[in-house]
Amino acid sequence: MFMNKLKNFGLIAGLTVMASPAMAEVPGETAFIFNTLLFLIMGAFVMWMAAGFAMLESGMVRSKNVATICVKNVALFAIAGILYYVVGYNLMYSGVDAGFIGEFSMWSPDDSAYLGETPDFGEGDTYAAGSDWFFQMVFVATAASIVSGTLAERIKLWPFLGFVALLTAIIYPIQGSWTWGGGWLSEMGFADFAGSTIVHSVGGWAALTGALILGARSGRYTAAGTPVAMPGSSMPLATLGTFILWLGWFGFNGGSQLALGSAENAIAISQIFINTNLAAAGGVVAAMIASQMVYKKVDLTLALNGAIGGLVSITAEPLAPTGGLAILIGAVGGLLIVFSVTVLDRFKIDDVVGAIPAHLVCGIWGTLAVVLSNGEASLVTQLIGIASVGAFVVVTSSIGWLVLKAVVGIRASEEEELLGLDKSELGIEAYPEFSRS
Amino acid sequence: MKLIIAIVKPFKLDAVREALTAAGVDGMTASEAKGFGRQKGQTEIYRGAEYEVNFLPKVRLEIVLDDDKVEAACEAIRSAANSEKIGDGKIFVLSVEEAIRIRTGETGAAAI
Amino acid sequence: MFMNKLKNFGLIAGLTVMASPAMAEVPGETAFIFNTLLFLIMGAFVMWMAAGFAMLESGMVRSKNVATICVKNVALFAIAGILYYVVGYNLMYSGVDAGFIGEFSMWSPDDSAYLGETPDFGEGDTYAAGSDWFFQMVFVATAASIVSGTLAERIKLWPFLGFVALLTAIIYPIQGSWTWGGGWLSEMGFADFAGSTIVHSVGGWAALTGALILGARSGRYTAAGTPVAMPGSSMPLATLGTFILWLGWFGFNGGSQLALGSAENAIAISQIFINTNLAAAGGVVAAMIASQMVYKKVDLTLALNGAIGGLVSITAEPLAPTGGLAILIGAVGGLLIVFSVTVLDRFKIDDVVGAIPAHLVCGIWGTLAVVLSNGEASLVTQLIGIASVGAFVVVTSSIGWLVLKAVVGIRASEEEELLGLDKSELGIEAYPEFSRS
Amino acid sequence: MFMNKLKNFGLIAGLTVMASPAMAEVPGETAFIFNTLLFLIMGAFVMWMAAGFAMLESGMVRSKNVATICVKNVALFAIAGILYYVVGYNLMYSGVDAGFIGEFSMWSPDDSAYLGETPDFGEGDTYAAGSDWFFQMVFVATAASIVSGTLAERIKLWPFLGFVALLTAIIYPIQGSWTWGGGWLSEMGFADFAGSTIVHSVGGWAALTGALILGARSGRYTAAGTPVAMPGSSMPLATLGTFILWLGWFGFNGGSQLALGSAENAIAISQIFINTNLAAAGGVVAAMIASQMVYKKVDLTLALNGAIGGLVSITAEPLAPTGGLAILIGAVGGLLIVFSVTVLDRFKIDDVVGAIPAHLVCGIWGTLAVVLSNGEASLVTQLIGIASVGAFVVVTSSIGWLVLKAVVGIRASEEEELLGLDKSELGIEAYPEFSRS
Amino acid sequence: MKLIIAIVKPFKLDAVREALTAAGVDGMTASEAKGFGRQKGQTEIYRGAEYEVNFLPKVRLEIVLDDDKVEAACEAIRSAANSEKIGDGKIFVLSVEEAIRIRTGETGAAAI
Amino acid sequence: MKLIIAIVKPFKLDAVREALTAAGVDGMTASEAKGFGRQKGQTEIYRGAEYEVNFLPKVRLEIVLDDDKVEAACEAIRSAANSEKIGDGKIFVLSVEEAIRIRTGETGAAAI
């Protein structure tokens, strides 16, 4: 597994080293523990991103839809976990063999090699099977979270969860097998370190497809096509969500080094932390300056999206760039946010939280930007990876959305939408008090 | 008895309340409101989409009082709420037929 | 210490292994650092649960009581820490000797064996004394947090904190000594890995006793006994709190493995992470489906409680079950939530946040469910443990509550309750603004 | 680097040990990984404090300024990261040589000693250069966060960010070089383990200077000088922020041990965690009791400030005190909060969130309190350190503020202030909805 | 037709609504308000600074109804809202010239 | 002068404002309200306990205007707020005795 990623092991912050005998200094079992610990802690950080999406989305939707977005975020994380266990993981990682798909079977851990009388800890690159599962699981949940934000305020609860099931059990794992599962894209040398394409664009494509099929919120565009602002209900919650995501991203990118059992890995993860932080910082600053210049005012929500855009942009290659390049890559991401928000509006694609600019547009940019620092990556291969994953997700998602639309309907009625999904779908209000006293 | 409805800027609430107390008014009820008038709202931009903020925050005061206090009360509100800026607000006077104090059942002037 | 827990060390994900010589591969001091690090990081995660309870409770009480619940949560965490230092820890862990109680003395660390010329790191199972204290301390705070949620909106501040002092200095440590302190229950073989009974039910019993003595909020039940809904003030804060608890629980259960210094332990902790997550997921899904079926709508607060119920349910044995069994154990917890909320209402037991269903009912269920996967546990012993801890906590808590009631009074007057505790007790409002502009 | 800190290595919880040969038991590369991991995880915890400041400040300002405080907090974290990379780090740590300043140059990692054929991991005290950078960077962001809270509700956005740039690129690094960079103060033996003076007082002095130059919010003091309360908009967000800071502080102080590669270090960090927690607890309890006694009511915001005051107080020496002393040191911090809030008001120094009492006053107290437990510290040296850092920051900050004031203006007009900065500066409201339904 | 404006304590809202329904009133509009009167607010302390909470939370009810129902409605409000504590509130009665139901265009008594 | 109090559905606010402006009304004041009437609230379930949501969200508009504009304004509100669904709301007309513009002290028709 992770063959493509393993290739990166020798590459430390832009400087290639030979495997040195000194690596043997960390005993196999110690390295095993370090690697496992990395997955568990970084995985917990990524799990925390689920809360980040929930808060960001709660802050960016109107009050009448806040309870619904909360329930969606909790439920999607639960569903993603269960389905990735039951089918997703093995579909992504088991028996892919340079092909297009893994096996339909339930995952179960096999750590027998590391137990018993004569455990074999390999070259310091082993870890508990379960820790890897956990780390992979939180990634699929991230992809699902992306979709909920774009489609908020108008999609019905259960059909949305139905799509989440499809995405996390089938769509995400299959395309994931192509690269991280050792499938055909990894054979081609497609480089996507922590998932600009494989996680973020996948969520973004699924969100885009859904947005097109679902249509914009009623009243979001005038008859003349002018976008109508629908300000989110709580800027501090949106800010909190962004900080949670920023924190979680250290786990997302740092854990994707996949090993901590050697000095090289420890050095690599340090570089990843730095680049992750600087790209986010670059995204914030660029989005703020761009929004000041274009709109004469700083738009907080674009600054927040800018952080996420920077983070997504560096995700495909958080290790090789210098800090300075990471700032630039993130800053381009921040600019892309500001401009693609407007472009989406031109096409009347209604993305409530800005997930498509942040995860899809910056995901593509980040995947291309790999070639700026990773000498082994080729632009053509990167484009093939972007396009093939995009095509696959668009097609499969479309089928999913259209079947759901035909069978159960995916969109709340206009009346329900006006009333708010909290009342029409949950019968509970996010802030229900008549009088606060 | 009269009912004075006064629409004032929110930050003037305390000054108006003090002026009214000084003018011998012992009770009033306030509520949040948003006003539309000559004072134009700004055009805001949210995620690239312009939108007009047509309604501006105001506080709405209701005061029921005896006929002979109306003039003094209006004057008190006027001088306290006036910042000589557009949007300072309005005072409306309506006639009230009856007033009842819930606690005691007193009516008329005794109730206010 | 932790004798009972240590017994579990050989048991890895349902597969018993012999202690292998390869364990010696991790040098003693390295294992010491790993074990200490485990306690510190996982303890920090559990500490974070204090914020989770604060947010969950802030979201589930009405605005007029939110500032009070905040002050209670901050204060209880402070008090628990100080008292567990001054008296609690040694009462729980010092000189219990298969008995019923430890010593009344102040804790202080002794790490002399690990320092100096010839340190002795044992069999890789040693750790810094302080790291263990820290990890134990955050557990007692959890038990106290449970109580505050149930009794919210009507209990007076200082008497509540008085009870917290009793609970964290005396009640929790004494019953804790019976099992984790190596007392009589551990001798019997009572199995409660991370504290379904010892932490969660203890908090739940104390909350139940308090709820009975304190009575329901005024207006909570009509004269005819029908429950009156009192919706919480902020669903996104309740959701945030639940996500925080979910994250913290990886520390709660994972850290309860008590060691990271060998591959076996690393593998075990990985399994614990998986099961913890899957049980929570099972709880969410089951609670959502049950609330949809029973009430025709998904109740967000029951879904959130479902996550916590699933987490509590797996806490007594998060290691031995397979992932599939963990989903089921959690799902039963989720169902128990939905139904016991109604049962409590039938008895007019007013539990503002649903802590009794989640922590007491699921705590009992989880303790019983140990026998499903842990071959060494016996149903009878589990029942004895549940009953004896329950009886002890109910009796001692009742004494505490009744003394407080007699001496200082525990309940805010009806007028104070109507006004809200924020105004009557703190003179500060959670959301004080007249006009937001 | 960190010469002063390294001196503390031999001192474990009040008990000095000789460097023992057993230390060699942890292989160099393993220790390297531990040390690096410590920086990364603890640094991530400290990064999380940025969210804590954002939430605390969001809760303590009025709604009309909440979006602005959010944008400030996100932006300052971004700017601090970039500038500490471009200039700050080397100014603080490169070539200080017992002097007053480092070098003006861009930081870049050099890990060549740890890679290649014959890596040299020193005495177990090495770590990845990048992990150290990351850990140092999050500290400078903390100092900047302190300033934003004090000056909230009246300072203009861009000039504030201009000051942040000055603080994080120049002021903080230069004074930091004096102690942690191995400059003249470290030569004198100034002891400030994790930065009561170097981080917190620095932020506090900059905030105080700003508050004096900027003036109080309009209406904050009557003509007669009586303070007018301006209650914050959301107590639960303020509480959340405090819990985040509390959690982050384990990283702040724990990571400042700077090494985890030996049992001694692991023991030391455990003690640091305990003392950090107990000092916070002492601060909460003392502030609550003091506010109950002085004002007859518990003031939640003072309890929250009390936690932070306790934390700042222990930060200069979180290792040497016993737990009991840590409680006392924290409790004094809590008392200082309650009283200095009033003192500031007497001088009409308007500190919106109480950052000056918490970070400056308690920072000074904490730096002095070092002598209570650390035998190597001298009161005179501590005073010299406090005074010289204070003088430097006051002078440089004043210059910064005055230049900004003269060139672009730093203060929003009275009308803008009345309207709220969200509307006047951002054109976005934190809670924009007319009607929530 | 008359307009009754009733200022009551928030927790009395449900009781008042029920009493009004029992008295044959089918419609009403409520809004949040804050009241100033004989019931004095507390002096609160926030971070050491005292401040007067002058305005206390109230609910403001508006009911338009036929002249002949006014007495019964006032009595219903009075008995339901009365807790015999200061601050229970007020009832004001004003004259209404016209009422229109938006949906149907009905006017007068038929509209309410 | 008259005071129009209009209770409408929240999402109709913008349409009503535009219609009023078109009808020559230059000022108005809006506030949040909750209404009880023929349009029945739902029965909600919260944690297993049913509860009636009796009051539904509405916006309450106040417009003071000259007598001769009342009819046009009422018609404007009616057509803009009408969705032909129950709960569309009400228009009430009261008589106003005096109006004052705080900023200038103008009174009567000049004040509005």
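All chains are identified by letter, namely A, B, C, D, E and F, in their written order; residue positions are counted from 1 within each chain.
By definition in this document, a residue touches a chain if its C-beta (ideal position, glycine included) is under 8 Å from a C-beta of that chain, and two chains touch if they have at least 3 such contacts.
Just so we're clear, the structure is a prediction, and the values are computed from it rather than from any experiment.
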item	value
Self-contact between copies chain B and chain F, residue sets same or different by half	different
From the options B-D, C-E or A-B, the pair that copies C-F, where over half of the contact pairs coincide	A-B
Centre-to-centre distance between chain C and chain A (centres being mean Cα positions), rounded to whole Å	32
Between chain F and chain E, distance of the C-alpha-averaged centres to the nearest whole Å	17
Interchain centroid distance [CA atoms averaged], chain D/chain E, Å	52
Centroid distance [mean C-alpha coordinates] between chain F and chain A, Å	46
In chain F, residues with contacts to at least two other chains	30-32, 34, 44-46, 55, 94-95
Residues of chain A whose C-beta touches two or more other chains	27, 30, 37, 41, 231, 234, 240, 297, 299, 301, 423, 427-429, 431, 434, 436-437
List of chain F residues in touch with chain E within their complex	2, 5-8, 31-38, 54-55, 58, 60, 74, 77-78, 81-95
Chain C contact footprint on chain D (complex, rising order)	12-13, 15, 17-18, 20-23, 25-27, 30, 34, 37, 41, 45, 62-64, 231-236, 238-240, 242-244, 246-247, 250, 254, 260-267, 269-271, 273-274, 277-278, 280-282, 284-285, 288, 297-301, 303-304, 307, 322-324, 327, 419-420, 423, 431
Interface residues, chain E side, partner chain C - complex	11, 34, 42, 44-46, 55
In the complex with chain D, residue positions of chain E that touch it	44-51
Chain F-facing residues of chain E, complex	3, 14, 17, 26-32, 62, 64, 94-103, 105, 111-112
